[in-house]
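We just call them A, B, C and D in the order they show up, numbering each chain from 1.
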Amino acid sequence: MCGVSGCYLLKENEAGVYNYLILHANQHRGQESAGICVYDGLRLVGKKGMGLVTEVFDRPDLRKLSGPVGIGHVRYSTTGASELVNAQPFKVGYSKGELALAHNGDIVNSEELRRELVSDGHAFVSETDSEVIARLLAVALTETDDMFEAFEDVMERLVGSYSLTVITSHGDLIAVRDPWGFRPLCLGWDERGFFVSSETVGLDVLGVEERRELERGEVVWIREGDVESKVVRRERKAVCMFEFVYFARPDSIIEGRCVYECRKCMGKRLAEEAPVECDLVVPVPDSGRTAALGYAESLGVPMEEGLIKNRYVGRTFIMPEQEERVRSIRVKLNPIREVIKGCSLAVVDDSIVRGNTSRQIVEMLRDAGAREVHMRIASPPVVSPCYYGIDMATKEELIAADLDVPEICEKISADSLAYLSLEGLVESIRLKKRELCVGCLTGEYPTPVPE
Amino acid sequence: MCGVSGCYLLKENEAGVYNYLILHANQHRGQESAGICVYDGLRLVGKKGMGLVTEVFDRPDLRKLSGPVGIGHVRYSTTGASELVNAQPFKVGYSKGELALAHNGDIVNSEELRRELVSDGHAFVSETDSEVIARLLAVALTETDDMFEAFEDVMERLVGSYSLTVITSHGDLIAVRDPWGFRPLCLGWDERGFFVSSETVGLDVLGVEERRELERGEVVWIREGDVESKVVRRERKAVCMFEFVYFARPDSIIEGRCVYECRKCMGKRLAEEAPVECDLVVPVPDSGRTAALGYAESLGVPMEEGLIKNRYVGRTFIMPEQEERVRSIRVKLNPIREVIKGCSLAVVDDSIVRGNTSRQIVEMLRDAGAREVHMRIASPPVVSPCYYGIDMATKEELIAADLDVPEICEKISADSLAYLSLEGLVESIRLKKRELCVGCLTGEYPTPVPE
Amino acid sequence: MCGVSGCYLLKENEAGVYNYLILHANQHRGQESAGICVYDGLRLVGKKGMGLVTEVFDRPDLRKLSGPVGIGHVRYSTTGASELVNAQPFKVGYSKGELALAHNGDIVNSEELRRELVSDGHAFVSETDSEVIARLLAVALTETDDMFEAFEDVMERLVGSYSLTVITSHGDLIAVRDPWGFRPLCLGWDERGFFVSSETVGLDVLGVEERRELERGEVVWIREGDVESKVVRRERKAVCMFEFVYFARPDSIIEGRCVYECRKCMGKRLAEEAPVECDLVVPVPDSGRTAALGYAESLGVPMEEGLIKNRYVGRTFIMPEQEERVRSIRVKLNPIREVIKGCSLAVVDDSIVRGNTSRQIVEMLRDAGAREVHMRIASPPVVSPCYYGIDMATKEELIAADLDVPEICEKISADSLAYLSLEGLVESIRLKKRELCVGCLTGEYPTPVPE
Amino acid sequence: MCGVSGCYLLKENEAGVYNYLILHANQHRGQESAGICVYDGLRLVGKKGMGLVTEVFDRPDLRKLSGPVGIGHVRYSTTGASELVNAQPFKVGYSKGELALAHNGDIVNSEELRRELVSDGHAFVSETDSEVIARLLAVALTETDDMFEAFEDVMERLVGSYSLTVITSHGDLIAVRDPWGFRPLCLGWDERGFFVSSETVGLDVLGVEERRELERGEVVWIREGDVESKVVRRERKAVCMFEFVYFARPDSIIEGRCVYECRKCMGKRLAEEAPVECDLVVPVPDSGRTAALGYAESLGVPMEEGLIKNRYVGRTFIMPEQEERVRSIRVKLNPIREVIKGCSLAVVDDSIVRGNTSRQIVEMLRDAGAREVHMRIASPPVVSPCYYGIDMATKEELIAADLDVPEICEKISADSLAYLSLEGLVESIRLKKRELCVGCLTGEYPTPVPE
């Protein structure tokens, strides 16, 4: 997955710094690489690198990224190997100058589009969908100078999820959300200018109060200090439910819903659907914490932080080569024996993908003295892969693809296991089911998908 | 502050990897630099660097740090500038070979000791206390080959806090805790060998079950596969209360007490001492969370995670130069308006040092719609600096040094403010007051301190 | 300028190492960036970086660059800023797979070609001519699988100098020399396989004895272990005279001529054309040394190395900011006072471009006690810029563009100044004048050039 | 070997830049690591790193190294592994403040001195002689504030070669040459201040005209803008002849002799002692070039640069793992077949150490068509190791240790071989034999040496 940012400053030249701050707030959306590209009044200049925003940029970098308009990107690879050439923003020279593009999402038909482009003689330098979009846009812009028209062409071709920020060497900033609205994207403004962020937390950090989310299919075009907007193409609404369940920060607002409150509601609803007699509710930190709060509150059982997460586990941790030397889960999570010894636990997590982590957690908690371990999952089973940018696993790896709930329960050796129902999930989010993408839960996707 | 590690392997050569894992679990004790030094069967070889354990060491480094015995260190500077020359372990050649030393703590009389040594013609390459200890040890070891005797000499001279791990080019591992027991240090063992860690979490990650904490004044000397131990010097017990309040990981055990339970107890006790009518209890994450749980539970008011911490804030974040561009607190903490709007909040944190953060939190919560903000602090006011390794601030900067509680309350603009009492604290930890250091709370220190 | 390399191994997989060695021998052709790309049996994998070959590649890199076929590049920028994105080889995915291209030269009509391509909707990621060539080639290869046909199309469009090496993900290696033969390119072979190098010194280092230079307009296509060759397009011969005068290594063979011997001959001829009464002949090292030997020999005057060049002057030397602190020439060249004091000197250099260096040399030699300083230049005055890849300077900066020889002599404060005549140059190289490019000496170029 | 630098500025604060320039001119004396340490008006601050001066320091580094007084060092390791901890200047805190020291040379009795120091309880952090000297100096300075007195003590203890620059946190600069005068050291001055450099070329680059070499045993102490000097200890003169033969830059002046002229004289003298009938004289570049000029001139045979050296061969070149893939000599030296084919050659080099290079050169020249190859060496056979800082090889590796000249000739397959006589060498240098160290040529050393 990825996060995107953008800014259009009316009086300042600190586009680099503003994008740095927005990206930093969206860092959880991608830790593999980071990049910023700014219009310096003349040309587009950028820097990208592997690692966190704070690892890629130092103070001299930010000083060099000086200009009134800029975009940024944080990346966790779905398409394209983990190499610098695949990092974004993706910058190109085209018929009218230069443009740079940052993309969050996954294009379902990108291979087909790429094939069409190369059979027209186009040549690609990266493996990313972003390059496909950039090249389609470059083609469209040979015919027109109107960004709305160009994006009409481009969006007609693209199937899949895309929240985009784009800048040009004319100093324009464009923000785009795909016609289904899979991924979040919001726009804020105040006297300093306009700001774009994948999640609202990117505006919070700047203290930007005025804001709205982009509509699905909307193109926002900011130039010469003015904002124009147009809904260029529209499909059925299909907001990714997984943003609410796991991916987004709890303090973000998506489709007008506070993610924290949705998660808490999922926990409460789960308590109604699948209560359990237990001494303690224990969250799997950090992603299970909010639902656990709701679950415990609703059940009237105390919550205890019986598992502590090492906050320094990340991209660069080196797992020892001999697996037996240390159980990998212990590097990340540590049970507090004093808290859980002799207790019957309801352990709440947001979701189960492969099931390995859950199995190890159960085993670890038993070793630490838990009498019973009941797993409670605040979303339905994931039975099918995601084609829209969430790198869950292949179908084969999904534990719920072939096993039913009792089988999974056995596999992870829990005393009991329950998932939130699809209805429970949908009602917790308070969107209609037909407004959400729930493809990975049902196998029914809002767009055609590859076989 | 700092963390130290050590291992003595009976069958393997992976001392580098084991220290890496122990240090990683102790990473919260110091993020500025990291180092590992191993005995490779012949000599001591090491690597140190600025940054996190995962930033300093890559896989080839760990392969090179091959040998049966080794020590490690993570550092947050108190003495000595933030430079590589001050990173540890500190390695020297001495009369009997080589030794390397890792130190957690602060030596109160180090300037005096340093002055004595240089007036004997010694010359120092760093500004660290560790070098003072290492040079004293080197002098002592010219007279004797017995580590206990040598440390008797050394510990007679040292005033202050020190948990040490030491290795020699004879392949010995030594672990030492100062005569007051300021800082934690524990020893674990199983069929793989012996392991030393500042906190017990460093043993948890390895799955080492057999363990004990070192006694104050104890020297553990492991050589040729055998452990010998001796309490070499003893002063009044003075375990740092701040380890329980803030510094240690909640899942660690210190002086037999589970830190998490102590913190929860502080929260409960605070609820008894300073209850408040409120709609919600909100922790200041992460350090206030455990006490907040206890406070909420005891008060019978729901707890909500109304403040979300950006987990990527760290050492390398670049704060924009023009302060006004963004309020610094917003980069780290974000309130959830939907949760707190219109509510009266009891905000629980572990401690207040300078007061800046608390002031900004109160302001931010009000801006986000909180009706009332009552600060509840799960420890007594800090009125005096620490001389034993916790880098709190100078006396001038301590908000409670000159102001009483109502004045502080006004300064941070809270609706009310209450601290835990000293008795409350002591009873939550369940040690006797005379067994704890509470110097920074009372100005009465367990050792002579500089004027 | 740049250098290119290529290899096609029949039995080994060390394409990375072979290209490393060839590039290292061609390092004088470009010190700004270096890159290698190999076909690993499946795909093209590469590495490029800023700096010397030895700075960009370490042993693990070379191990990773494993495969039977590969190309390489060293770059000194003429088009495109000094950034990694402009480094080569340039790799793209096209309709039939992947291809990578390394280019030495300068395309005169590249802006026009680029404009045509972008108006067809192509988008460019770099500012290099190499990308223009690669995109033209990608377009051509949509129509045909025949490399000769494809290059017929491409070479019809390209005006300017280009020696190319290309690999594809089918494992083919292609080497191309432009229809004028501006830049050198040679092919060698033995039982290990086929090797391509800008200069013959790249084959010398491998001990490859069998070799030939590519003809102008020739395309060599190696696939499935077989070599095919075809002269695809031919224009008048226009070998760059400056390769003989300055650019190439003296131990290289170009157009069958040994560069060292050509230079020596230029020196001898210069002695005939412009003898001088002097005590000593002093070369400006390193580029003036060979001609100086010839000049001294022919004149019968002893040669002395009266100027010593600091061999560590390079790309990364930091010139102090206050110019007056040190005369910049002194960092590079140092006169030996003991050798030249009181002497009348004939100072021999290969060429004068801006004239700054010559002026400083004269001044420095006088300061060091030279009685007379006679400058002797082993090539004619440079009066016009180069459009074919030698980054000499703009017309305005060329000292001989506006000044005649006596004026230049005055400007550089020499006692006398003489250049080699054009005839002298041509005869020293032993090619016909119409077979050489002498554009920068006469303003008459072998191709149309921009106004 | 190593090079040292120092400066004491009267009006400026650019000690970092001046040392950078002096070190750069002395770079040939050591390419492994570089370091600069300056007195910033208060304290000593420094930077050191592995690699060339231009690799270690960037512009921000030089800006940070701001202050009126500073020293520098370039290192090629003789004692101490190639690690950063062994890089210099070596900085310590001692009884009166801080001092830093840069050392060129080798202390014969350093192990003994180190043993004495550690048995007094001193502990060493590096393996360098410099640390031994610094600790002795620190001990001496506890007794006295007089640098002359302190160095009297220190120099009484030290046996071996040492040219030193030292700074203190009082802002003093001290330069010292050992009592034998093994290694060069010179002092220059003008209105900008005082400058110290291993070789005179370091003063040339600054345009400093006023200068003198330090006398053997002399201590120069610059403080508060005044220079004091004293010859503190004197032994028999023993200037290293190898500085003249090979090590120093040809444009340096040592003991009043121009190195270039000495080398030229060695070549002439060699022509008298060992003439040969030949078509061409060919130097082995770069070190053989000057002697070859003299040899050719004296013999009346033309000199040709029949061997070209790749100027990019250095510390970081990666030799391919399979030796047979490429003959290592070819990476460094390339013969010009056109020049030497069918000729009888007199090949002139400065010295033979192990003999490998000579053997490979002969073979390569024959392969390139030379009819006869006569090796002429412009110094006598090296039969014994150096104990004073030149890292020649162990006795076992020295080809002339066990073999006489005809045997060596056979081993390297030359048609004939001749060395310069010792008398010839001494007379070329124009010092008395008893004023030179010729230990490695005779086995008779000017000081006691280890067995």
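The criterion applied here is as follows: a residue touches a chain if its C-beta (ideal position, glycine included) is under 8 Å from a C-beta of that chain, and two chains touch if they have at least 3 such contacts.
Please read all numbers here as calculations on a predicted model, not as lab measurements.
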| item | value |
| --- | --- |
| Far-end chain from subunit D, centres as C-alpha averages | A |
| Chain centre separation (subunit A, subunit D; CA means) in Å | 60 |
| Between subunit B and subunit A, distance of the C-alpha-averaged centres to the nearest whole Å | 35 |
| Residues of subunit D whose C-beta touches two or more other chains | none |
| Touch-based graph of the chains, sorted into line, ring, star, complete or other | ring |
| Set of all touching chain pairs, with the criterion as stated earlier | A-B, A-C, B-D, C-D |
| Interface residues, subunit D side, partner subunit B - complex | 90-95, 99, 114, 118-125, 127, 134-135, 138-140, 142 |
| Interface residues, subunit A side, partner subunit B - complex | 14, 17, 20-21, 24-25, 27-28, 52-55, 57-59, 62, 201, 204-207, 249-251, 253, 258, 260-261, 286, 289-290, 293, 297, 302-305, 308, 310-312, 314, 316-318, 320, 322, 325-327, 330-331, 334-339 |
